[in-house]
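The two complexes that follow have subunit A in common; it is paired with subunit B in the first and with subunit C in the second.
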Partner chain A sequence: MTTSSTLRPGAGDHAVADPGPPAPRTRRGDGPAALAFLTPSILMFLVFVLAPTVGVLGLSFYNWNLLSDGSFVGLDNFDRLLHDERLLGVYGSTTYMALAILAVNVVAGLLLAVLLETRMPRWLRGFFRLSFLFPFVVSASAVALIWRFLLNKDLGLVNYLLGLAHIDRIDWLGSSAFAPVSVIIVNSWKTIGFSILVYIAGLQSIPNQLREAAIVDGAGAWTRFWRITFPLLSPTIFFLVVINTINSFQIFAEPRVLTQGGPGDSSRTIVEYLYDRAFGDFDLGYASAIGITFALVLVVLTAIQFWFSRRWTHYS
Partner chain B sequence: MNIPQRKVALACAVTALAATALAGCASGSDTPPSSGNKSLEIVYWNYGPAAESGNKATADSFMASHADVKVTLTPVTGENWGTYYANVATLIASGKRPDLMVISGEGAQFVHANNLVQPINAYLDKDAGAKAIVDDIAKGLIDGFTVKGDVVTLTYGWNDMVVYYNTDVFKKAGVEPPSADWTWDDFKATAKKLTADTNNDGKPDQYGFTWASNEIFPGIMPWVANAGGNLTSDDVCTATADTPQVNKAVTFLNDLIKEGIAPAPMPMSDVFTRFQNGQVAMFGAGRWPIATFLPAGFKAFDIQLYPKGDTYKTVFGGAGYPILKSSQNPDLAWEYQKFTVSDEIEKQYVGTPDKPGDSIPSRRSVAETISKVGVPPANSDLYYDSIDKYPTLVPYPAPAKYSTFESTVLRHLQQIFAAETPVADGLKSLQSELSGIVTC
Partner chain C sequence: MSTRLRPGHLAARVLTFLVLAVAALAITAPFLWIFRGAFSGSDAELYRLPPTFHAENLTVRNFGLVAEQVPYFRFFLNSIIVSGTVTAAQLITCSTAAYAFARLHFRGKGVLFAVVIGSLMIPIQVTIVPLFLVMSKIGLTNTLWALILPGIFSAFGIFLLRQHFLSLPRELEEAAKIDGAGRFRTFARVILPLSGPSIATLGILCFTYWWNDLLLPLVMISDTERQTLPVGLVLLAGRFSTGSLGTIAAGIAMAIVPVLVVFIAAQRYIVQSIASSGLKL
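On to the complex of A and B.
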């Protein structure tokens, strides 16, 4: 019987024993070439990420409607955040939908990826992989338009099918309870393919010898999953948690097309809300203040995830 | 030749860098035309292929008749007029200085309040040909684009709100087509007869009527107007969303849903599809649906006025090319605006039976040719008659913050029509929120 330490994450990992290819040597004189290669990326980052961020930060201290000269208002826009009665509700609906989408992507994505890695004919595996990945490459607006048609309460296909099972019509898009659920379903349906793809790559990188050794040691499927697959997959899971958190908090097209954020603000997201303030109210300063604080919220969330990840993520 | 790979790669990287830099410079090299040249830059809402081809045809015709003028078209996207204005504002903020921009009636207050537009009153007074043009345009279309005495633009095309009905569904249900003098009660009775459970599952799958959930113009406004109300005061300075008239209109529509005569409201594009396949027998819109229906081969429809409530008022909106204050050639811009209401261009909005225009020509003499050319529907003369022979809703409730105004109204109506808020409570909270948006 193998001791439990053998099954501890990292122990016996082939990658640990194998030193791998030698690290590339750095030569004197490579600096200018490296800089030349990096410069386009750096320039893109400066122009399309850093500069707009700095610009938005600056705008958040101004009152500006795009068409007339702006006026400096100091921290007024940030003070307005504290008195905006709708903002907290929109944060609530955004968080609800984002966490649900995150859970579906991370948990259901893992489950589906594991299922796809079980024995099945090659063509069937290919079919499933393509089916799951296909929605990911289609435009979010197109996806939402089709789903809007399917989810119509009185004339949609989904309620028709539910009716065959004697389930009453659900107001998927018009009720405060189901509108956010519809956004969660549609966004998850679109994005889960990416999570599955990443999970499959992670699963395939786990050396088979470990599973085979565990089988020889008498470990069941559940034990193998928890003691081998899950720990070795933890960096992949962490990556997906971070990426999906950031992406799901920033959804825009699905609620915009499906429900227009309603009814009320029940399916409205922060990004949609700040867009309306900027390009509906022409209140660029306030929209920028919302954007800056929202970015900070995401940074803090990601930092917390990184901090927690040290407890459960195993890189070797 | 033996060239070191590293040097080649380095050269490629430097080239890429230079290309990036040049591309960046190119996008910023938008120099305004000098005052001496004869060029015009025009911004329009690119809502679809018809917008692009229509604007291009107008620009090409103008350049053909003015050989020394160069017209540059700038298409701007947007999911509706409101977002289009927002995107144009972004364009102007980035330094673009167009001579003219396409606006709808909802945008008249916006461009006027933001001091973007140069009124055309002086041109109308001094231009010898202007009087004949204005006399051939319904008064409502001039009034609709007049803000505080300033005429913002001539209207080249417009739309009124009429009821579309599916003639096949009417025939199948044995229901007579509606007449122009029908009332709300007649309408409701008709819609009820057209509602059917075709698959016998105990629930309707064909409905008498629906309306657009994403726009107030073809959504609730005809009902509000015919109840004798409006969403703003006549000076568009105060919200009037919780009046008994508005309550009556919204309650009527809400009852249609509650009684199963209308499905849950849906966006206009979905309404088109449901109407064509017979799932919805009637809906309200302007002339623009025919640009979708006829090319798709769908001709089983006709139009009628909205039913009369406590009163009848035609709800309409138009579009025009106002001259912007940023124009370096305002006189030439006026010539262009005048050209957009010339016979040559107006005929484009008449179209042909296979390729119809998507709005009504503003010139009466041209609009009258629609039925002569044979462009469906059969009752096409009603389009212009509705503004010439019937009272109209003026002003259209379009405050300067129209985009916010419309989205606020729609947000509250969503809750009412989802039966989550009683009509009176919903309108009260709508009024409260609008009071900060509708101001002067």
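On to the complex of A and C.
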């Protein structure tokens, strides 16, 4: 295909006369080349994405443990889902923690990103930005282990600092009220840098003229923020709301390392619950059914994300 | 714009820097604390409150003790092998697929691309059970392959690079074609050299993701010798009975240092990659 067009130098003229996305109709069908370019991805996709996805659907109709090849049980696993009170509780704690992490990221992230816009020396801005971001690249298990020290009830630094403010010791990791709060703190601490950076990129895409015009018109910083920055930033905010929701629904390492999901199920996430059913109880069929409910949640969240991102392209 | 400072202005500036400084301290202090802990000679020293430095109580002994507790450098090597291989393979598969989606014309392109994007909704957490069964069927559980192979296909990576390839001017490729370059040479000689930052972006996001992953090694690997660092750290921390807390702190600190070095060296790309992940999705 490619050689045939090189025989006709005129094809180049066509491209110059008509640049841009709509492809010249003269050459179509890069079939063989496309196949070569796509084969590695397609192979990996078939074996490690599509097969397991089909597998999760299939397994959910089976009673399957690791020792025997299992028996077909129809919709039994889904019936169990409906009567699994722990599942509902785990979805509750997952949602609670996810929403709280979302709120911290979206609100505190915006505050810090806006404050970073203040005039300051380059190195200082760089220092702030990098220190906010650093935990994001450190593994969740290392982060959670550090915080396990810091949140220790009797010896931890956090309770010591609270003690200085005359606040009684809190049982961060051992009480069902504070265990999820610990997961929220640790995960937000790790991920807020991501939100800040996305906000910074969003803020930089706002044309300066708008803000300067507002300054000329005598608008104060407060008014400028609510009348100009905030509305123009709304697509970024929407994006962060959805991406943070999706990410925080998938949390596994923090509760695993900090609290093992306890006490009770107070800080257990759905991924942890699925993991325990599958690799603790070897109840693979039921774990797959849980996986399907989780996939449905993610599909809904992702659909919302795409809906918003379409809105966003509309904006700019 | 305004060089003169009114009193209100000054107060606002002071408050701004105060908030930023407190936030930066809250985020960096835990790292400083763990590094100090890594040098502490005893558990009492590690947990001393307020945490102060007493040079005479500090020691580097902990760093040596880590490897006596767990095969630490084995974990480290495994992590490098896994993340490095996944990243290299992902860059190849994603860039070639992205090029096909951005520039080639073939039947079923739209459907195929929709399938790729659709798979974004099915993360590994959902498919982990059958993935484990697939791996054990082909006899790869408890090998590093079980951690490498599932990470190679990346819908996000294909999408990210496709967006970038679409933004490149077509004229360059047309010129290469006139010079007689085939599809593959055009891709390798024209497209890739123009895509350094995007490739670096994907590489960094991919490497950090797999370097940090806890779930997959926990599911796939039963042999301690074949674990990666995130699980290794948890194993190390589990040895409370035999090891001192300083040793655990040293293990954590040693896991963070390389990340810190890479982070500082590649900060421009990291900042760019995360900022653009928000803009491009």
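Here is the rule we go by: the second predicted complex is superposed on the first by the 252 of 316 C-alpha atoms of A that agree within 3 Å, B and C clash if a C-alpha of one lies under 4 Å from a C-alpha of the other, contacts with A are read in each partner's own complex, and residues count from 1 in each chain.
Here is the rule we use: a residue touches a chain if its C-beta (ideal position, glycine included) is under 8 Å from a C-beta of that chain, and two chains touch if they have at least 3 such contacts.
This one's a predicted model, so the numbers in the text were calculated from it and none came from an experiment.
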Subunit B versus subunit C as contact partner of A:V47, first or second or both or neither: both
First (subunit B), second (subunit C), both or neither touched by A:F279: both
First (subunit B), second (subunit C), both or neither touched by A:Q209: neither
Partner chain(s) touched by A:R148 [first = subunit B, second = subunit C, both, neither]: both
Touching partner for A:G261 - first (subunit B), second (subunit C), both, neither: first
Contact breadth on subunit A, by residue count: subunit C or subunit B: C
Touched partner set for A:T223, first subunit B, second subunit C, both or neither: neither
Contacts of A:F37 with subunit B and subunit C, given as first, second, both or neither: both
Which of subunit B and subunit C A:V271 touches, first, second, both or neither: second
Doubly contacted residues of subunit A, that is, touched by subunit B and again by subunit C: 33, 36-37, 40, 44, 47, 145, 148-149, 152, 155, 160, 278-279
In the complex with subunit B, residue positions of subunit A that touch it: 32-33, 36-37, 39-40, 43-44, 47, 65-68, 145, 148-149, 152-155, 160, 163, 169, 171, 173-176, 260-265, 276, 278-282
Residues of subunit A defined as touching subunit C within the complex: 2-3, 5-6, 9, 11-12, 15-16, 19-21, 23, 27-31, 33-38, 40-42, 44-45, 47-56, 58-59, 111-112, 115-116, 118, 120, 126-142, 145-150, 152, 155, 157, 160, 189, 192-194, 197-198, 200-202, 205, 212, 215, 221, 236, 239-240, 243, 250, 252-253, 256-257, 271, 274-275, 278-279, 284, 287-288, 291-292, 294-295, 298-299, 302, 305, 309
Residues of subunit B touching subunit A in the complex: 6, 9-10, 13-14, 16-17, 20-21, 24, 82-83, 86-87, 89-90, 92-93, 114-116, 201, 203-205, 207, 213-214, 263-267, 269-270, 273-274, 279-280, 401, 403-404, 407, 410-412, 414-415, 417-418, 420
In the complex with subunit A, residue positions of subunit C that touch it: 1, 12-13, 16-17, 19-20, 23-24, 26-28, 30-31, 33-34, 37, 46-47, 49-51, 92-94, 96-97, 99-100, 104-107, 109, 112, 115-116, 119-123, 125-134, 149-150, 152-153, 158, 166, 169-171, 174-175, 177-178, 180, 182-184, 187, 208, 211-212, 214-215, 218-219, 229-231, 233-234, 237, 245, 248-249, 252, 255-256, 259-260, 262-264, 267, 270-271, 274-279, 281
